[in-house]
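Both complexes below contain chain A, partnered by chain B and then by chain C.
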Partner chain A sequence: MLGIKNWINLNSSSVFFKGTRIATDAYGKDLLVSLYRKYINGYPKFFKMDPLSRLGFVACELLFNSEKVETLQTDNLNEDSCLILFNKSASLANDKIYNETIDNENYFPSPSVFVYTLPNIVTGEIAIKNKIYGETSFYVIDELDATTIFNVVSSSMSDTNNNRCICGWLECSNEDNFNAILLMIDKTSDTLFNIENLRNILNYK
Partner chain B sequence: MEDLILKLKQEIIEVLNLEDVKPEDIENDIPLFGEGLGLDSIDALELIVLMEKNYGIKLKDPAVGKEIFKSINVMAEYIKNNRTK
Partner chain C sequence: MIVKLSDNIVSPLGYNSIDNYNNLCTGNSKLKLYEGLWDIPEPFIASLFINEELDYVFNKHIPTNKLLTKFEKIVILSAYQAIKEADIDASSDRVIFIISSTKGNIELLNTSDNRIGNNRLLLGTSAKIVSEFFGNKNNPIVVSNACISGACAQLLALRLLKTDLYDYAIVIGADVQSKFIVSGFQSFKALSMNCCKPFDKDRDGLNVGEGAGTIIFKKEKDNNISNKDWILDNGAINNDANHISGPSRTGEGSYRALTKVIADTDIDKIAMINVHGTATLYNDEMESIAISRAGLLNIPINGLKGYYGHTMGAAGIIETILSQYSLNNNIILPTRGYSELGVSNKLIISNKTIETKKREFIKLLSGFGGCNIALLYKQGGTIC
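Take a look at the complex of A and B:
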């Protein structure tokens, strides 16, 4: 049976970890930088990332940080983990930024912005940082839907090589408007990973 | 020349999002790639855009780019001699 070990809800103005609010002092893109500086640091690549990757990176690091504290791990061990994310706007936030660099009167396409004009780049950023060697997938769907997420994640976790999955919703319409609801799913935790529990977490306000 | 070097460092920090780097942290003679600032291939492309956008210099030959981006000093010297704006 699959269980929900941890979950995080990070939006433009607040952060909840398993339903408990974490104190924050900033909003939007500044919130992500603030969280990076307070809880992560030491990874300058963060500042080169697009808004969606920054969001996914910070949310995942906070999720993994809690794991390290609970298990006294000094490093992440994610070789048997997979990463499956969903949203509805794909890489729209960064696409808009790139579009500004190809304005006809000021045509200087930015290579470093262009490389992020795909939503699945965020899965690569997270997998590289945390040595996730299992499946990495990014699905673009019409709306936040617990049943779809449950079915996809359950199917992937039926693979015996996957013992843990980071999954959830990672939506970013622009650099100041975003919502990440990420869960850590494994095969030992007591809170059952089912549609009802997943829906409750995805709809948590 | 000193003004150009300082301006160039500020532009590189901004365009490459080197958030925690200050102009005084970049030595004029250290390599920009590899051991030095640790820049990568995408950064190199961004520097090529910077040269055209800010100084009107079009670099078409990658081999020339490799030479120019050896250090801040080399880059500034090339800009001084070839800029069109």
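Take a look at the complex of A and C:
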């Protein structure tokens, strides 16, 4: 049986762990930088990331740190850990930024901006930081829908290769407007990973 | 087991799978030089639809007054014929639509045409236009995992059909080209100014291409499987955990994915590995390392980017279908553009047809974000 170990809700103005709000002192893109400086640090690549990757990176690091998940930091264990993320806008926030660099009047496309015009790059950023060699998947759906997320995640976790997973919703419509609801699930935690519990977490206000 | 019920390919090389396959057998390609297209300052080589021809074929087959984008048209056109051939009710709640695309309707960013509305920039919204076109009310799922999306979409179909939620999965991969994509790859210096040369010593980059492919999967009882049925046996996705745009120097993710898909199979039965083979220096070298590390250097490989260019979200599906057609005809298709081995491991690869009687193959893909996937396909008679 799959269980929910922990979860985080990080939006433009607040952060919650398992429903408990933690103190924050900034909003939007500044909130992500402030969380990075307070809890993470030592990873300057963060500042090169696009808004979606910054969001996923900070949310995941907080989730890992909050539980001090040593199991996710040791050797080859990360072969069976996976990332399965969903959203609505894919990489559109960064797509718009890139699109402005290829205007006929002002044509200067840059690989460092273009690379983030794919939504799954954030899964790569998280995998690199945490040495996760397991599955990384990104899905786009029309709206936040607990049933679809549950069906995809639970069927993926029934794959024998996957034992632990960070999954959930990672939506960023622009650098100041975002919402991450990520869950850490595994095969040992007590809170059942089922549609009802998932829906309660995804709809948590 | 999960079997392929029908398929279809819509590409500049043809508007159904057979035409595409026949064109590959005769070595054809629509890769050509474009200069000044879409106001892109540098010329580039690509395999693109002739839009008037596409519209003609679409209108001939599909009666609709709906206003559709080019992306939605190739998705619907490719699915329409596959659904017809499968003879299933696509509107049933036992059918799920899975769509693979990297950039969908990205060109709507630059359109002033308000009739379509830029909410169709959203992949999920555009996917819904497609599933609702076929009367299906389930929420479609878009896989957007860079260049491996087309194979990931097939793996998702396998997983969802193993549950009791659905009986059929309609998996469609598609991408259209644009200034957005071409300029980005040019900025990466990833495009070749020649027709691409996968695994060749003179390879110097990829070409881009357009296309759409559909595979319809069905959950089938083991004793109903015929010798001709293609079974999606298993698949694995693994990340390199190394770099967001550069392939791993150890082929880490591809190696791990290959190792997993062959874990329970007799590798002597595998006819070929149909590789990603983009013809960039680093991708092809990485794949050669991964194949070597997995102990699979004795299995012939081939790559099809020399016919189509890189069709992004469609590649995994188009290349899977053509691999199946070729094995149905007891051959491994030539790697167009290849002439002399230019990677560090001694792969079995040829620009000529190789004959085979084997009935299994691996589809391998890698993409930005460090993601890699391997799928193992088997033909019915080999496992029952």
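Quick notes on this structure:
Assume the second predicted complex is superposed on the first by the 195 of 205 C-alpha atoms of A that agree within 3 Å, B and C clash if a C-alpha of one lies under 4 Å from a C-alpha of the other, contacts with A are read in each partner's own complex, and residues count from 1 in each chain.
Here, a contact is a pair of C-beta atoms (placed from the backbone, for glycine too) under 8 Å apart; a residue touches a chain by one contact, two chains touch by 3 or more.
Computed from a predicted model, the values in this text were never measured in an experiment.
In this overlay on chain A, chain B fits alongside chain C without clashing. In the superposition on chain A, A:27 contacts neither chain B nor chain C.
Superposing both complexes on chain A places the Cα centres of chain B and chain C at an angle of 80° as seen from the Cα centre of chain A, in steps of 10.
Of the two partner chains, both chain B and chain C are touched by A:110. Legend: residue contacts after superposition of the two complexes on their common chain; A:79 is shown touching chain C, with no touch to chain B.
In the superposition on chain A, contact is made by A:44 with chain B only, not with chain C. In the superposition on chain A, A:119 makes contact with chain C only, not with chain B. Set against each other, chain B and chain C touch different numbers of residues in chain A, with C touching more. Of the two partner chains placed by superposition, only chain C is touched by A:151; chain B is not. When the two structures are aligned on their common chain, the gap between the nearest CA atoms of chain B and chain C comes to 7 Å.
Shared contact residues of chain A with chain B and chain C: 109-111, 115. Contact residues of chain A toward chain C in the complex are 78-79, 82-83, 88-90, 92, 95-96, 98-99, 102, 104, 107, 109-111, 114-115, 117-125, 127-128, 130-143, 145, 147-148, 151-152, 154-156, 158-159, 161.
By the touch rule above, chain A contacts chain B in their complex via residues 44, 47-48, 108-112, 115. Within the complex formed with chain A, the chain C residues making contact are 39, 41, 102-103, 106, 109-110, 121-125, 127-128, 139-146, 152, 156, 159-160, 162-163, 165, 179-180, 183-188, 236-245, 252-253, 256, 260, 367-371. Chain B meets chain A in the complex at residues 16-20, 42-43, 45-46, 49, 52-53.
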